[in-house]
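Heads up, the next two complexes both have chain A, just with different partners, chain B and then chain C.
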Partner chain A sequence: MAETPQPRASLLARIQHGYRESDASAQLFKTKTHTVITIISAITAIWVLVTLTNWMFNAEWQVILDKRRPFLVGKFPADQMWRIWPGVWIFGALLGLSSGLWMRPGKNTAITIAAGIAILSFLLVELDSTAINLALILLLALAGYVVAVRAQDSPSVRSLISRVTVATWVLLIPFMIILLFVGDAPPTSYWGGIFVNVMLAAIAIVVGTPVAVFLSLGRSLDGYPAIRIASTAFIEVVRGAPLIAWLFMGRFVLPFILPSWFGMNEADVIFRTMIVLILFNAAYTAEVIRGGLQAIPKGQYEAADSLGLGYFQTLRAISLPQAFRAVLPSLINQYIGLFKDTTLVYLISVVDVLEVGRKAFNELDYTGTALEVLVFVGFIFWLVTFSMSAISRRVEANMGLGSR
Partner chain B sequence: MSNLVSFWYRSFYRRTIIQGAVILLVVLVGLALIEQVSNIENVHSPRFSSSIPFITFDFLDARAGIDLSHGLIFDIDSNDSRMDAILNGAWNTIRLAVVLIVFASLLGLLIGVGRLSDFYLIQKACTIYVEVLRNIPALLQIYIWYTVVWFITPPIAEAAHINISFFGANILTDAVIVSNKGLAIPWFVRESQLGLWFLLGFIALVISLIVRRFLQKRQDELGGNQGTNRYPALIFFGALILAYVGLGAPFTTETSSIVSSGAAGAIKNYGGGMVITGEFLAIVVALGFYTASFISEIVRGSILALPAGQTEAAKALGLSAYQRLTLIILPQALRTMIPPLGNQYINMTKNTSIAVAIGFSDVVFATRTISNNAGHSLEIFTTLLVLYLLMALVISSIMNSLNWYVQRSGI
Partner chain C sequence: MTNSEPNQAIIQARDVEKWFGNFAALKGVSADIQEGEVVVVLGPSGSGKSTFIRCINQLEEHEVGTIIVDGIEINDDSRNLQKIRSEVGMVFQQFNLFPHLSVLDNVALAPRKVKKMPKAEAEELAMAGLTRVGIPEQAEKFPTQLSGGQQQRVAIARALAMQPKIMLFDEPTSALDPEMIKEVLDVMRELAESGMTMIVVTHEMGFAKEVADRFLFFAEGLIVEEGTPDHFFNNPQEERTKLFLSQIL
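For the complex of A and B:
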């Protein structure tokens, strides 16, 4: 399964000794047309690179340095950071464990993640006790990776570790929520920055995906038209309007129509955003999972029937594992899309990382730094989403997707 | 006990009980909602609830009191009704969506083919394009383009006038005027008998299509080139020009100019022509680039899904790279492309709602403003939902019939 690296000839050697059809870089000067196009595009590329580098070195990056803290956590008080850090430590350890167990990160993934940590350290340096926390996260990730790789030799230890890892992944979000609200916690209006984007996306994914499983099952349930119609109607109506419309509904309509049990109708805007994002994500994810369910050959169900498995047994052991395996790429794409969509929450006055940036470049001191701020925020998003898709590609390769 | 178990496993009873429970739950939730909503009248601000029921659409007939800019064809002002304002917003959304669909499809096709290109640098450039643009939130890209448009355009007092000249002779003065109020280009002005001209044009179109079918048949029988495209085109455009002259110019064109108003002409704005605002431009460029990155992946996937023998056979026939692409690869790839493309178009239409972030007056902008003025958020939200559902329905039915056509005829 692991790719064996092909020895690459030098460019000069490839030009001199002809080309292989599969190797496009060897065709740079194949014919006259190739040569002309290569030269023109090389000049264009160099011009673009020079312009970008020029801009980068002349840009005013001071605003990023000054606003590090808001970019990260918004107005979250410094003496309350202990509510956030443990979750990030566990996240680091889990990342190490999971990559050791399932991923076998390649060079590119490792570079991307290292770059991410470099950016993180740039952001966090000089903040209270951050250096220690950062070192701890790195150490935990490394330790997790080493433990997972060592465990590959013994199947029983490996299965124990993978069970613990999965359970911890599932429990991470509830744990963070408890930490964020236990005792004399800062109100959610203090939440902000990339922390809000990550929290909203994580909760929508963790809570929304089980809901999506039920919705997709309901939509493909034979013999229960009432359930099928209800699920289909929910999915199609939610998918019918853009997220912005649903966010406005969460802001302006939800307070009216929620009952007053447990003060639900007075829930603050972060909670309402969470509800909207969970349901929105559930509807889209349900369609993705349904695609996977439909891709399962009928013989699988017949085999399960002949083994005497019941409906839920078949689900747990036969259909859901195969469905999830088949749709993993689209599932990750959906989650990436959701993470990008969390930038829209600013419209209902949640101060996410993009809104922090917008507020920063609208300040008088930082006039004219809009592009710097936007490029920086864009880079953060790109880093997270690109590593997500790199990880998913890695997991796919390890599961042998597309090669059977 | 065993009776009970066998009762539960008789599928008829089980289905009835489970579905009955689900229906009951839905009905209860619905009743609770209605109860909740009908109680709102009491807690709602007295300004809105004096003796009118909470759920009503009457308020949509009232004067809107808002001016939607970016108007084209329907230009409403603040005295029109709220419903008109919402429909005008919807029209802006549709206009944006149509322009975006064309732009993003062409760009996506180009990038998708470019990623499979023989030319190494072009291939790499297209890959970088896709990996960068689809991983950055659309809202952020809109901000970036809006900032860029704002930075590079001059204020309207120093607007750049671009003339079209030919060997030193001015053909069209003020062909394009660029400033931070937008891009002004010449546009059509309606004169008398425009409707008749459209009718004649339609008749000419039908006739030329009939002629084309006849010529096609002849060509199938006789072979050779019978001018199946040339003669119908001649008929159609000839008839259009003749009708234009005969009806005495049913429409004319007009270039834009800058009009001053206010004290000492301090307020300048465009007059005449068509104005493409900076917001519109920023959204089209940003969302077009963003969606093109997704469309290019669809294009690439569909081309890669074709058996390699197709390309090899085309090469063996001696077709050039361009001929291979347009005659062999794309027509076949189109079949697998259309369904996901339709999804992408619907997504993009919904994504245009992000345009409110920079103040483009689309349907969300209109509904939100009216909801702020008049309350009734539930009714307005329902209207918005229905409008978006309609748009999605139209797009998917167009794509479905296109799909049907392609599957049937194979182009």
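For the complex of A and C:
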């Protein structure tokens, strides 16, 4: 918690303070063994660093530059990009606003932003609409952050901005979905790149988590054995098979078992994949949430009962908030795993960012660039998952007061 | 709704039995408690004191007998249950504050959710309650940042915010360090003087002697003796009462 003793102190002062606090020099050379380990580690670190830098400057990065649009959105048509960018701009602005409103950025935020800027400046080597749009996102995020920090001084403005921010977060995914399907939209077989990974994971998280809440409640419902058995059976069956099996199931079997309402049985593969991921994520998340619910002391429910709160009021105001606080790290862990698992969709012929990469280094023009491509894709995944964990740690730190 | 006639007891318990499996925690308890009365419940550990007062607001469901609170009979009707619970406040040994809410929100929560009071009004009420228990300056803190005595006073303010007619206290000072007991008892004393109907399970005999109108002495799931403090301190009848008093005085 108290990582920064003087929040307003200069960065230099804080680093010096941290160094003195950790007593690093004394620790590193405490005994002969310490000294030997330190020297060996230092040599290894320098060697790794030199090798990496050397490789980075000699690598063939042209493939990344040429394929940056497919990496982002697959073969989504260029003249249809207006369906995607607005959602992403809003996402950037919301990130900025939220971190300004609710989190004091720490060093992880700085690392993430620096990495973002690094990618960006690389892409900006050739100025085109993709690069400009990416720059716009960063700019919007920064603007959002500044606005939010400025608003801290006036409670009424702050509460207005935070309301707008929360409402926009809630509406973001529906908004993006509407834009993606309204009018003469490209079929979902054109979806691809990191866009598909993020969309699939986001929908599985946003829709799957409420489902998970119901499943976890259902599983612990004493008075209604039918509901309890159904929830338990669903969770255990879904956890009983690997994700790939369910994806194949969604691809090849679901069309035959879905009823024909609204043409559901003819829905495309992305839609079916979404359903599979939502249910898969819901089953795992349900168990995480159930763990949080079980950790709540009985006295909390007795206090709520004695005040006359009803079952749903107690859930909403007392047990769910405490359960989510308690399991936030495991929850984020689950979400990060899910996000990475979305790369499996290439098996049912969805061209996600990893598959874009695989296709690229198999092209004749780009032979021998597999390492570059994989490093780039890996870096993108790292950037997203690291941001997720950085955000969750910030949220945790901010909630610390209330939860201990 | 509240068809309590004058002089009719605000709590009427008749032959109440409470079973945990095949163990009877209450074996036929009858008691009438008048409006404005302060009743102290005494008895050895495991004698059913907590179970009895928890039956009054139905944290425990009794199997046999009747309990009528302010004219409302406790039965399977969940609307009656809600009504009773909003008229009966309870303070627990372990405080049971909501750790994720600020002190102010702890107190304002029930008026907002149960009575649908507007936020500003509920917070005003909560501040008034915190002032009454002497800690308005702690409103923005979280429960874990307060001392035990302060937490218990918040818990009292939280129960009072529902403007109950009856307050139940289950060993409210047993989890406190000795130096904090007085601040909680002072609040309870003030409450008793204001005319609140109170049932208090406690081992604080000085407080009990001073504040109680009547003692109920429990042993093995039954009320074995009842009477005024004077009766208990000077003229107890039952052997078990004498033994118990000799142990705690």
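The rule we apply is simple: the second predicted complex is superposed on the first by the 342 of 404 C-alpha atoms of A that agree within 3 Å, B and C clash if a C-alpha of one lies under 4 Å from a C-alpha of the other, contacts with A are read in each partner's own complex, and residues count from 1 in each chain.
Convention: a residue touches a chain if its C-beta (ideal position, glycine included) is under 8 Å from a C-beta of that chain, and two chains touch if they have at least 3 such contacts.
Everything numeric in this text was worked out from a predicted model, so none of it was measured.
Check chain A with both chain B and chain C modelled on it and let me know: fit or clash.
fit
Return first, second, both or neither, reflecting whether A:Trp47 touches chain B, chain C, both chains, or no partner chain.
A:Trp47 sits against neither chain B nor chain C.
Going by the touch definition up top, name the partner, chain B or chain C, that contacts more of chain A.
Residues of chain A touched, chain B against chain C: more for B.
In the superposed arrangement, does A:Phe181 touch chain B (first), chain C (second), both or neither?
A:Phe181 sits against neither chain B nor chain C.
Tell me which partner A:Trp55 touches in the superposition: chain B (first), chain C (second), both or neither.
Once the two structures are laid over each other on A, A:Trp55 reaches no partner at all.
With both complexes overlaid on chain A, does A:Gly308 touch chain B (first), chain C (second), both or neither?
second
Just to be sure I read the superposition right, which of the two partners does A:Leu371 touch: chain B = first, chain C = second, or both, or neither?
first
Once both structures are overlaid on their shared chain, how near does any Cα of chain B get to a Cα of chain C? Whole angstrom is fine.
5
Touching chain B in one complex and chain C in the other: list those residues of chain A.
The answer is that chain A has no such residue.
Can you list the chain B residues touching chain A in their complex?
11, 15, 18-19, 22-23, 26, 32-33, 36-37, 40, 117-123, 125, 131-132, 135-141, 143-144, 147-148, 151, 350-351, 353-354, 356-357, 364, 368, 371, 377-378, 381, 384-385, 388-389, 392
Mind listing the chain A positions that touch chain C in their complex?
Touch residues, chain A against chain C: 297, 299-300, 302-303, 305-310, 313, 317-318, 321-322, 325, 399, 401-404.
Once bound in the complex, which stretches of chain A touch chain B?
Counting only chain A, the residues touching chain B are 24-25, 27-28, 30, 34, 37-38, 41-42, 45, 223-227, 230, 237, 240-245, 248-249, 252-253, 256-259, 336, 340-341, 343-344, 347, 354, 358, 370-371, 374-375, 377-378, 381-382, 385-386, 389.
Going by the contact rule set out above, which residues of chain C touch chain A in the complex?
Going through chain C, the ones touching chain A are 57-59, 82, 85-86, 88-90, 92, 94, 96-102, 109-110, 113-114, 142, 144-145, 155, 158-159, 162.
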